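In what comes next, subunit A is part of two complexes: it sits with subunit B in the first one and with subunit C in the second one.
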Partner chain A sequence: MTSQFAGELCTLLVDDNFGELFARIFSTLVRYDRLSLARLKFYSRLSNAQLRHGLAAMIQQHLVFHYTSYDDGVTYYEPNMQSAYYLIRSGKILEFIEERLGKYAATVMSTIMFLGHAQVAYLETIPELKNSDPDVNGPNEDNEEYQEFGEQNGPKEHEADERYQEPKDELNGLNGDQSSIGNLALLHPTLKALAGHGYISRVRDAQFQSYADNVLDSERTLKARPDIKALKGKKLEEAVVEGTLNLLKERLDGDLTRGLVFNGIPRGAKRRHTSASEAPNKKERLDYAAVDEDDVEEENEWSDDEFGEDTVPMESGITVRINYEKLDVALRNRRFLELAERDSSSVTAEVYECLLRRIEYQTMKCRDTTEIPREGEEGEQYSVPISLRAVVEEIDPLLDLAGSIGPMEVSQPISRRGKRPLDDSMNGVGHEGTNGEQSEGNRTYEVDQHLCLLAQPPYNLTSKRIVSGLITWTVEFRHLARKLRHLELERIIEARYGDVALRVVRVLHEKGKLDEKRLQEISLLPFKDLRQVLASMQAGGFVDLQEVPRDAQRQPSRTIFLWFYDPDRVCNSILEDTYKAMSRCLQRLRFERSRLKEFLEKTERSDVKGNEERYLSEAELALLEQWRAKEALLLGEVARLDDMVAVMRDY
Partner chain B sequence: MASAGASVTQLASKLYEHCLNNFPLDQLFYQQDLLGLGIVPKSDIALLLKCTQSLVDQKLFRLLQGKNERLAWKIISREDAEKLQNLSPDESLVYNVIHSTGRSGIWVRAIGNRTGLHKSILDRCLKSLEGKNYIKSVHNVKFPSRKMYMLAGLAPSEDVTGGAWFTDGVLDENFINTVAGYIEYTVSRKSWFEVPSADAQRNKRIKTSDGSAAVKQEPGQKSYIPFPAGFRGYPTVAMLTGAVNESGITPVRLGEESIVQLLDMLCYDNKLVALNNGEMYRSVKNPEAVKQSQSRKSAGEDTGIDDRLVTNGMTEAPCGHCPVFKLCAPGGAVSPENCEYFDPWLEKALGF
Partner chain C sequence: MSRFGAKKGRKLPGAEFTWDNDPSGEADTAPTPLYPKYTVPRARALTTREQTQVDLYRALRERFHDGPYYSVLDPGSSAKKAGEKVKASRVHFDPFHGMPSYSGKYQKKKRGIPRLLGRPYVMKYFPRDDLWGVIQPSYKPGTAVDGYVARMARPTFKRGFEEDEEEEEEDLGKRRKTGDEDDEGVDNDDLLEGEEEQDEEEIIDDDFSEDDDEMGGDYNAEQYFDGGDDEYGDDGFGDGGGGGDEDTY
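Right after this comes the complex of A and B.
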């Protein structure tokens, strides 16, 4: 992502978030790329002290890669555009974490984000994470959650309580603040939940170097090995390529999920349907046991593990950072879900959400290659298969599955189907048990039906696989990511050129290159409209014209003109445009701020801040209100543009 | 000689009568076929050729070249023959060339090439033939600038007219839209299950009870749910063709190919979805939504926002519509600071 506008945007982001010094260093690095300290000093015209302080802090924030060469002992610095760009996604990520794991987890996350990376031991000492102000951290619901967790464990509850006690005592010794105790006890389970979901990862030394440096470094190490030295020619090449990949994986791997995921569900995953009474859960377990003996043993182990693992707090020596790759997976799943919601009922979407959630737990990153492969060359990439039963377990047992799918035959009477839901709502939760009994097999079938519905064209959101006789469901990521990409492009085309253009583009995309006549026959549009729309789209860079001369003279009359639509090309240019639009919004925001500079300075005065009502006049309050709305709108717009960037670049 | 001539004429007319009575008009006769009829005595080939030549001269037979360059003939009905007999040699040459191309018509320049006539003579012939109402000029969609002719009695083929969707060589937009709208509605009625009203009530209650978004149902509004996967009741091309032809919205009978063409178009518009490689079609929207969007369109309201794809960042931001976006740079003639689109946009979005 090195381009003029990406660089401009990242510099702006660094400036907004960290101030001028960082921005100065960053922009110099963006402009000149790899620099030694001396050159950096020369270009940025900063003093030694400023540079050293700045660089150290920027390395902490992962904004700068550094690499000390073995040959000349000089350290080179490089900008880390990717991580600078992710500054913009922080809000989205925090919102997502809050929704998934609660407010406190979001606070922990934002603290880690703010620090760049942090040692667990350090996180323990941070007052915000101990602060029990309910407005900020909202620990109440989390507490409940964890208590429930304890209850589910049944007899082990006491031990679990003891576990909570342990850190409390320590802390009491430290500051004796009663209110902070409950919260710090939360920190470790929360960190574990975050780690189990893969949202945070361990910091590795190699992560401070750019990918290219890491590759070269690994190659060098590998080639120095005696067994590799013995190889020659093609074999050597192959061995080096493979070895490099392995070594890289090993060095960059910060995976913390190991030992924190059980049966495909990470520790502390929030059960969404906590309202479900204990009875049906037990029932499920029993059925489970009847069907498959092996699984029961696993279950038992799981509960043991659960207890054993949880009593151990996160190792305090570990340094953690945000795992953006994993978060992209989660955010991408959210987009898939939105796609499903557009055309399906809410029930079907909910089923889909459950499937996606199970898949997310086991998906580390959006794709294996660093770049999005060219259209038509990307192949297929299926997610891990999730067994139908796992999806059924995940689904809220109170969800009415039958009511949102029609019968197989139109003539079939509806009453038979309609009956069961009626019972549900009439008898309430009390009779759940009996109801669950009769519909256990039914439910599995119904979930399968919903997933089948999703598997249908046009989106093919799911696909069915039979793995060793069991029905499993997967999601084809590349196909769906492509769909999302096309959808974004189509939206732009529709907004700029109307629905006629949309039809033309879809025809061209499916059929390839077409001359005007054939295009007209398929799209059934009058020549006049067609030509107009093609010409304006060509001017906008969305479609292109290829000339195929029939003879050497290349006369226009003897030439075939073929229209085509290349989504890759369009996507790349739109991506650049999006970066540009984002930086324009941020620049405009800065300009708006400068217009109101004096007023805003007043509102930010320490005596005024928080007491706006008292110190500001009515007009000023209105102005402040306006300003806040404006700021929110512009930042919101940037976030919306970021959604597009994510689709076009990251998914 | 005279008697021989007379016998040839007699024989020829006998041959003609026999062919006319026993064979269809477009039957192709080879020498063998004519000899096999047993009219020409002793299978005398020379005599047969004389007979056929006289028939050709009388324009009762048309000389053709069959397979393997063999000679062949076709009979011409008496009325047509009369027409032809009245033509000048040049005219009949032109007429034959036009006749040979049948329903696809022929370009004027191609007639010139094939007949070898001078352009002025050709023009005169064409004019007189057209005046006698033997031929007509047709409009070809593929080559709108070419002047083409075909026999007056023939209907132009689909290649020439461009299919059912063209009227006088121009795409008939209104007609297409009418039929497309009808098809979309028909398909949507068959691709959604209409929940009986009592049941719908129940659904509502259940959905709200578990807290998920309840479908807002005003009384009297029908609710629709999708059919399960693998449902076989979606309409097929044959069913839709039948429905369109019976509906009375088309003046001409539409063939299945034309309907397929239209269905494809609707698929490209994301209104329909083809299942099993176009065996069946399913609509994206339910009948109620289809009806609404159609009535909105016909009312001419341009705020068809629900109809559109959801907007994204680029279509909302002023930069997405900016005509000088490419020129925009901080500190430049067009810059984010002096941008004239931001303020109206902010005002519109925030309402102040």
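Right after this comes the complex of A and C.
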């Protein structure tokens, strides 16, 4: 990701967020890559104080890698493009956290982002985290506020809220000082939930060095070990490679989920559904009482457990940071969910969401390699298998599963193939005895039906596995990521060159290299259209031509011309184009801001800010509104482009 | 295709525009054809989710802007050399809005240097030699901080392009006289600011730079073309004239 436009984009992002000084340092580092302080100073033409303060702050924000070499003791600085890039994703991440874990968690998250990394002890002292809710000591008001907020989000907010109240209440009972301690009690469970989900991670020393430095460093450490020294030749190489990977893993590992995950579910995540079914909808719950029986029991033992754990605050010495890799996994899942929503019912999508969430808890990052994999070279990689039972538990018991799939008798023959083993196991396990068992079995079956539906082509969103007799469901992430990439490319091609082009590209992708004649036969297009479209796509770099001479002279008449479509190549160039488009958007934004500079400075004045209605005239208010809409549009566009980048690069 | 090779009746490029062909004729002033109609693609309106995302991004950015790290570069503070500094700030002076006014006190204060104090740092995450002094002003090289004992200080590597000792000394003296008013100046860092000029001069292939101060106006062929006025003038008069206005920094 060290191309020109990526560098430009990251610099602009740094500028947009942190100001010119950071941008100057960052752009210098992007241009010259690895510099010692003296050289950096020379190239950036900054004063010593500016540079050193800037660098220290940038290291705090993870924008700069540094490495002090053992040989000469000089510290070198490198730009951290990845984390600079993630500045643009902050909005998405915060929105996601807010949806998943509630508003307070999003506030904690944004505070951690604001601080770069922070010790837990320091987070406790931050006023925003203490007084984020003005009416803390009245849980009821609190509740209302949340309900208002969460109206479009349905019960989820409510659940999250529910979850936070309980420890708070308990503590309120214990000691009188409500406001501060009540909120600290809020902070620690929230941090734990975030850590349990893996959205925050511990900071390690090695994270401040670039990946290459870390590799070299651990290689050096390994080679100094006596048992490695004894090896020779190929064995040595293998041992070093393997050892390096292990050592790297160990050094970079900031995983905080250990001890916070229970039965494959992070602490704090489990209570959501159960409490939802308890509190707001007592009546419906009766109907499902039998179903829930099992659940309730489990919940009880669970809640004891959780309370015991929750009142123990998070270790205050830990330094935490945002774990972007994990968040990518979460955002990717959301993307798949959108894909599922596109052509299946909302209930099916919800079932899928539950499956994906269970998988997310156990997936640390999107893929193992750091570089973007090539088209044919990545193997199939299945996610952890999730047993059907776990999915059923995860699903909201109130969800009407049967409504969206046809009546049982009809649906059975249709999906006979996929369901065969299910019948067997169900007969073996489920169908003995009470009505409750029966209904649960039915429910399991329905969930399975929904998942089968998702497993159908063209997307194959899920796949079924039988592990030691139990039905489990997995998601084939590499296949799906590739699918997403292709869909994205196809969308672009269709938008630029029309549906004819799309057909041609699909044919080429399916069949490989083809000469014009064959291509025409397969795609059933008139020559004229075909040539036009191929030529314009070649000019755009989407398809290309290979010449295979039939003799040594390479005469055109005796040469075969083969058209081909290489998704990797197209992907790369699209990625670059996207970076460029994003940086153009940001530049445009900057220009628009400079046009309104005087006015915007006025709105930012300390007396005007906050009470715009009082100080600004009608026209100015309109202008401000207009400006905000414009800015939102441009930033939204950048965010959309970022979605594309995520598909091409990160997933 | 070279112009001079255009023999056999072929016109030179642009020949159709010469007056020779049609001395009495009028130039063709008909408008050139317009660009074909082009539909500008328009972005979709933001969905509510996107709107929330954007708002959250803006809120965080706002927070960064109000935070201690947001800092801007003053035009002329560092891009130019010390001698030009004054000039540059005058050039950039805005006659309409530049004068201090009453409402200026509400204006958002811009920071030139990130403020590092006021929050705890985990020292071991920062490089010791370069930055510890900045993060923790009380830090003395060679002592232990946070129970983390630093390695022995190594002699720093000397390279050709880095600053010369004596010139730095001289420069230090010069800067002290000017009395730099920088409240962020935790230690003597900003007094060393002049180094950059030194670096620059070293890079320029200038064999005589060492002698300049002693030998006065010696002829220097290396500097014949590259604007001897500013650099040279700086060396000559910087002590006297350039000192007074340093507070623009």
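One rule holds for everything that comes next: the second predicted complex is superposed on the first by the 530 of 651 C-alpha atoms of A that agree within 3 Å, B and C clash if a C-alpha of one lies under 4 Å from a C-alpha of the other, contacts with A are read in each partner's own complex, and residues count from 1 in each chain.
By definition in this document, a contact is a pair of C-beta atoms (placed from the backbone, for glycine too) under 8 Å apart; a residue touches a chain by one contact, two chains touch by 3 or more.
Only a predicted model underlies this, so the values are computations on that prediction, with no experimental measurement involved.
Per the definitions stated earlier, placing subunit B and subunit C onto a shared subunit A by superposition produces no clash, and the two fit side by side. When the two complexes are overlaid on their common chain A, residue A:Leu641 makes contact with subunit B while staying clear of subunit C.
After overlaying the two complexes on the shared chain, residue contacts for A:Lys580 are found with subunit B alone; subunit C is out of touch.
Shared-chain residue A:Leu46: touches subunit C; no touch with subunit B. Of the two partner chains, subunit C is the only one touched by A:Phe114; subunit B is not.
Here the vertex is the CA centre of subunit A, and the angle it makes with the centres of subunit B and subunit C is 110 degrees, a multiple of 10. Once chain A of one complex is fitted onto chain A of the other, the partner contacts of A:Leu633 extend to both subunit B and subunit C. Applying the stated contact rule after C-alpha superposition, one finds that A:Phe561 touches neither subunit B nor subunit C. Subunit B and subunit C never share a C-alpha pair closer than 5 Å once the two structures are laid over each other.
Residues 633, 637, 639-640 of subunit A lie at the contact with subunit B in one complex and at the contact with subunit C in the other. Contact residues of subunit A toward subunit B in the complex are 342-348, 350, 396, 398-400, 403-410, 414, 418, 421-422, 424-425, 449, 452-453, 455-458, 487-488, 490-492, 494-496, 499, 502-503, 506-507, 510, 517, 520-527, 574, 577-578, 580-581, 584-585, 587-588, 591, 626, 629-630, 633-634, 637, 639-644. Chain contact summary for the complex, subunit C toward subunit A: residues 43, 46, 48-61, 63-65, 67-73, 77-79, 97, 103, 106-108, 111-116, 119-122, 124-131, 133-135, 151, 153-154, 156-157, 159, 161-162, 182, 184-186, 189-190, 192-193, 195-196, 199-200, 203. Residue ranges on subunit A touching subunit C, taken from their complex, read 16-22, 24, 37-38, 41-42, 45-50, 52-57, 59-61, 66, 68, 72-75, 88, 90-92, 94-95, 98, 106, 110, 113-115, 117, 119, 122, 152, 203, 205, 208, 319, 598, 601, 604-608, 631-633, 635-637, 639-640. The touching residues of subunit B, when paired with subunit A in their complex, are 142, 162-163, 165, 170-171, 173, 176, 192-193, 195-196, 199, 202-203, 205-207, 209-210, 212-213, 215, 225-231, 233, 261-262, 264-265, 268-270, 273-275, 284, 308-317, 319-321, 325, 328, 330, 335-337, 339, 342, 346, 349-350, 352.
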